[in-house]
Amino acid sequence: MEKTTNQKAWFLVLPVLILVAFSAVIPLMTVVNYSVQDTFGNNVFFWAGLEWFEEMLASERMHSALGRQAIFSAVILAIEVPLGIFVALNMPKRGFWASFCLVVMALPLLIPFNVVGTIWQIFGRLDIGLLGHTLEAIGIDYNYTNDSVDAWITVIVMDVWHWTSLVALLAYAGLQSIPEAYYQAAKIDQASRWSVFRYIELPKMQGVLLIAILLRFMDSFMIYTEPFVVTGGGPGNATTFLSIDLVKMAIGQFDLGPAAAFSIMYFLVIMLISWVFYTVMTTIDKKEMV
Amino acid sequence: MSDTAMTTTAARSGSKGIALPRINGSFIVMTLYLLFLMLPIYWLVNMSLKTNQEILGAFSLWPRNLTFDNYLTILTDPSWYMGYVNSLIYVVMNTVISISVALPAAYAFSRYNFMGDKHLFFWLLTNRMAPPAVFALPFFQLYSSIGLFDTHIAVALAHCLFNVPLAVWILEGFMRGVPKEIDETAYIDGYSFPKFFIKIFMPLIASGIGVAAFFCFMFSWVELLLSRTLTSVDAKPIAATMTRTVSASGLDWGVLAAAGVLTIIPGALVIYFVRNYIAKGFALGRV
Amino acid sequence: MARITLENLAHSYLPNPESEDDYALKEMTHVWEDGQAYALLGASGCGKTTLLNIISGLLIPSQGRILFGERDVTDAPTTERNIAQVFQFPVVYDTMSVRENLAFPLKNRGSDPAYIARRVEEIARMIGLEDELRRKARGLTADAKQKISLGRGMVREDVNAILFDEPLTVIDPHMKWALRTQLKSLHRQFGHTMIYVTHDQTEALTFADKVVVMHDGRVVQIGTPEELFETPAHTFVGYFIGSPGMNLLPANIEGNRAYVNGTEIDLGRGYGKPQGKVEIGVRPEYLKLSSKAGLPVNIRRVEDVGRHKIVRAEFFGHDINIVAPEGTEVGADMTKVTFDPARINVYADDWRIAGEAA
């Protein structure tokens, strides 16, 4: 759409600006402030420069948390995106059963994060959980509280359970926008099922999939509550992701300086990766136009 | 899909009532997926209807001694049910605030070029990328220092951090779909901007507002880290109340499960009311 | 290439149709000759697209059979019928180039690459896209996209029929003429059976050898443009074809005389005494205004549309239209109208009845 230039539009943006400045800029300034200072308690601070940043960049703890986080996000994206598309392709297109599927699928999305954690914590328990109990009964050695592989699997399955529907619903919305004539034309052209997916469905889902991937990446990278409730970051540090580590550091140990430096780098990493995702995907899109 | 499957769905589309789904590949995939989604929830419901003795004693797939005591405990104890009230209050406040500030901003982004518009839009979106964990402590200090700690408005404002950018983004997508000629016609017909916006423009993007509100409700309702950090007693959300049973002497599994089930209900109700818009709405006007 | 036969065909979108009203397509038996260009004409919702989808196999009819040549294809899937179809809105594969789009139907059938390349060039020339072959289809205009759809429809030489579902709706008016002329010459060149759905009578009459007029789920007439004009088989055809449509006047008929509000009109042929709703139909072109002889009319309004004038008038309480040829002065004294007996059609319950020479 043609847009007109109008500087007065700033007035319309002003409320958002004030609100977000209040809820984002001021706290962020506090964080920056902490990140460059040190304290011996009693609210006495002194300038520490980039010391905390250097310390955090060199810290084994942050590296391993970042590594775990990256693996976690990569794994859940690799599972949820294809699975979500696959589910969307199999959903009924209209009628009662379509609504039924939509409602059931949207349900996990509206459960508070800690309840999601609680559900899976209970579900996986050996004594009272259906999953844990069943696995034990059929002789599979499973215990998410002291086996780190089991803990990882539990946390990943939980995230897949929680968020695949979001990808599926977005993909489904994309599929719904394809006119019936495309499928009819494909039949007449004798296109294979794969061709229909590759040349009709995938291009139409591209826009919403970009949103899905970005949202899933950002949210998985910030994940805190669900794994914390299930595993508390354990066993050991096996499921201590960035946010869990950060909260431990800031609130548990009250290491404000390092935590603040950590926060800023954390934020920057998310922004950087999101930006790369976005740029890469939109460039591919532009290339296709020519 | 085979040809016959397609034609039967087409032939059926005019019929009323609920036709049983055909048993085919898609049906099996969907059944398995929905089963995967429902099982953990079923287990929670199952537990909430049992006594603690039964939960910890015999392992059973359904409650043998059906009891509603767990629910009664929650619904009669103010420290429990006020958690729901608190949560609902700040969620609704947040949704109203987010939508009302996002509407004019989204309009500006969708209609005008102005100095720094692209940067501003991107900067807004970066706030959606801010990990709540990063902001928890600064928020705590900020709201404590201005005397808003443990109030509903504090949580509502804190959640604006990620909900306002999202609302602006969603609404902008929907608004772009409304042709500009509509604005111009309205001005020619003598509408002032506020009157045009409320009487003509808002009804046109009603579904967009609905979707944005749905997402604000969703993300505010499910968030725990910030809402727990910013409250202690008066505005304590239900999600935080639940952690209490964990620390209490001897886990009260039944009550915990019942509380969990009750937190699912508002979401389920919201979904039920918007079910017909979900498919279109999730596309966020961007297909 | 094949003759298409529809045998007792009917279709309802309801699972258990009860009355005739439940059928989107009422029972019909027709033969579509091989190599003809047909236009399927009718108002929106009359069942044109349903019929087309049954022929292409996208819908399976509730009853009846479809034969391609001698072969029963009623339950055969679209791919086995070997037909091509062009839709109302451009259906192109966005991420493919124009060349890939045109090659797609041939490639899926495993044609020889050299043949595909040659054929694609040929089609691209016909639709005027030879310079755009390398471009992605997505960035093209709606016009160009629809041309690609047309091209994809015609790229296969061995198809039984090519079906067009209002293919020129999105095309600019001046392009419409060009494309339609092109389609027509393609038809002459390759001799495919073509079925062209439209609600635009000009499009139908200029494109087709035979026009099939549909109304309310029924084929009401199949005929050449001339037949549709001169002897509409159904009042709907009379009203739908022509601009303005045929004048219909309720009448009583006795033998070769019609009485409209008691006024006698000579029919030239004998019709006996038809029962039911009886009307006479006469095209505005066959009414003549004069100041002397004839029956009385009140002229309400005269519209000059360039080549002729349309006179809106009242005739014994009924609205009628009269076409006055270019150059005729429609003065205040023109208060009489004469009917050409040879051009009057008689309808009983909307269907035309043939008269006997009196």
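Think of it as A, B and C in the order they're written, each chain with its own count starting at 1.
Simple rule for what comes next: a contact is a pair of C-beta atoms (placed from the backbone, for glycine too) under 8 Å apart; a residue touches a chain by one contact, two chains touch by 3 or more.
The chain lineup, named per UniProt: A = Sugar ABC transporter permease; B = Carbohydrate ABC transporter permease; C = ABC transporter ATP-binding protein.
Not measured: the values here are computed from a predicted model.
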| item | value |
| --- | --- |
| Distance-to-centre winner among chains (Cα means, whole assembly as reference) | B |
| Maximum centroid distance from subunit C, chain identifier (CA atoms) | A |
| Pair with more cross-chain C-beta pairs in contact, given A-C and A-B | A-B |
| Approximate Å spacing (C-alpha centroids) for the pair subunit B, subunit C | 53 |
| CA centroid of subunit A to CA centroid of subunit C, Å | 56 |
| Inter-chain centre distance, subunit A versus subunit B - centres from mean C-alpha coordinates, in Å | 16 |
| Subunit B, residues touching no fewer than two other chains | 3, 6, 12-13 |
| Numbers and ranges of subunit A residues touching at least 2 other chains | 187 |
| Overlap residues in subunit C, where contacts from two or more other chains coincide | 58, 77-78 |
| Partner subunit A, residues of subunit B touching it in the complex | 3, 6, 9, 12-13, 18-19, 21, 25-26, 29-30, 33-34, 36-41, 43-44, 47, 55-56, 59, 61, 97, 100-102, 104-105, 107-115, 117, 120, 124, 126-139, 141-142, 157-158, 160-161, 164-165, 168, 176, 179-180, 218, 221-225, 238-239, 242-243, 253, 256-257, 260, 263-264, 266-268, 270-272, 275-276, 278-284, 286-287 |
| Subunit B-facing residues of subunit A, complex | 1-10, 12-13, 15-17, 19-20, 22-24, 26-28, 30-31, 86-87, 89-99, 101-115, 118-120, 122-123, 127-131, 133, 161, 165, 169-170, 172-174, 176-177, 183, 187, 204, 207-208, 211, 218, 221-222, 224-225, 242-244, 246-247, 250-251, 256, 259, 263-264, 266-267, 270-271, 274 |
| Interface residues, subunit A side, partner subunit C - complex | 179, 181-182, 184-185, 187-192, 195, 199-200, 203, 288-290 |
| Interfacial residue positions of subunit C with respect to subunit A in the complex | 53, 56, 58, 77-79, 83-85, 87-89, 91, 93-96, 104-105, 108-109, 135-136, 138-139, 149, 152 |
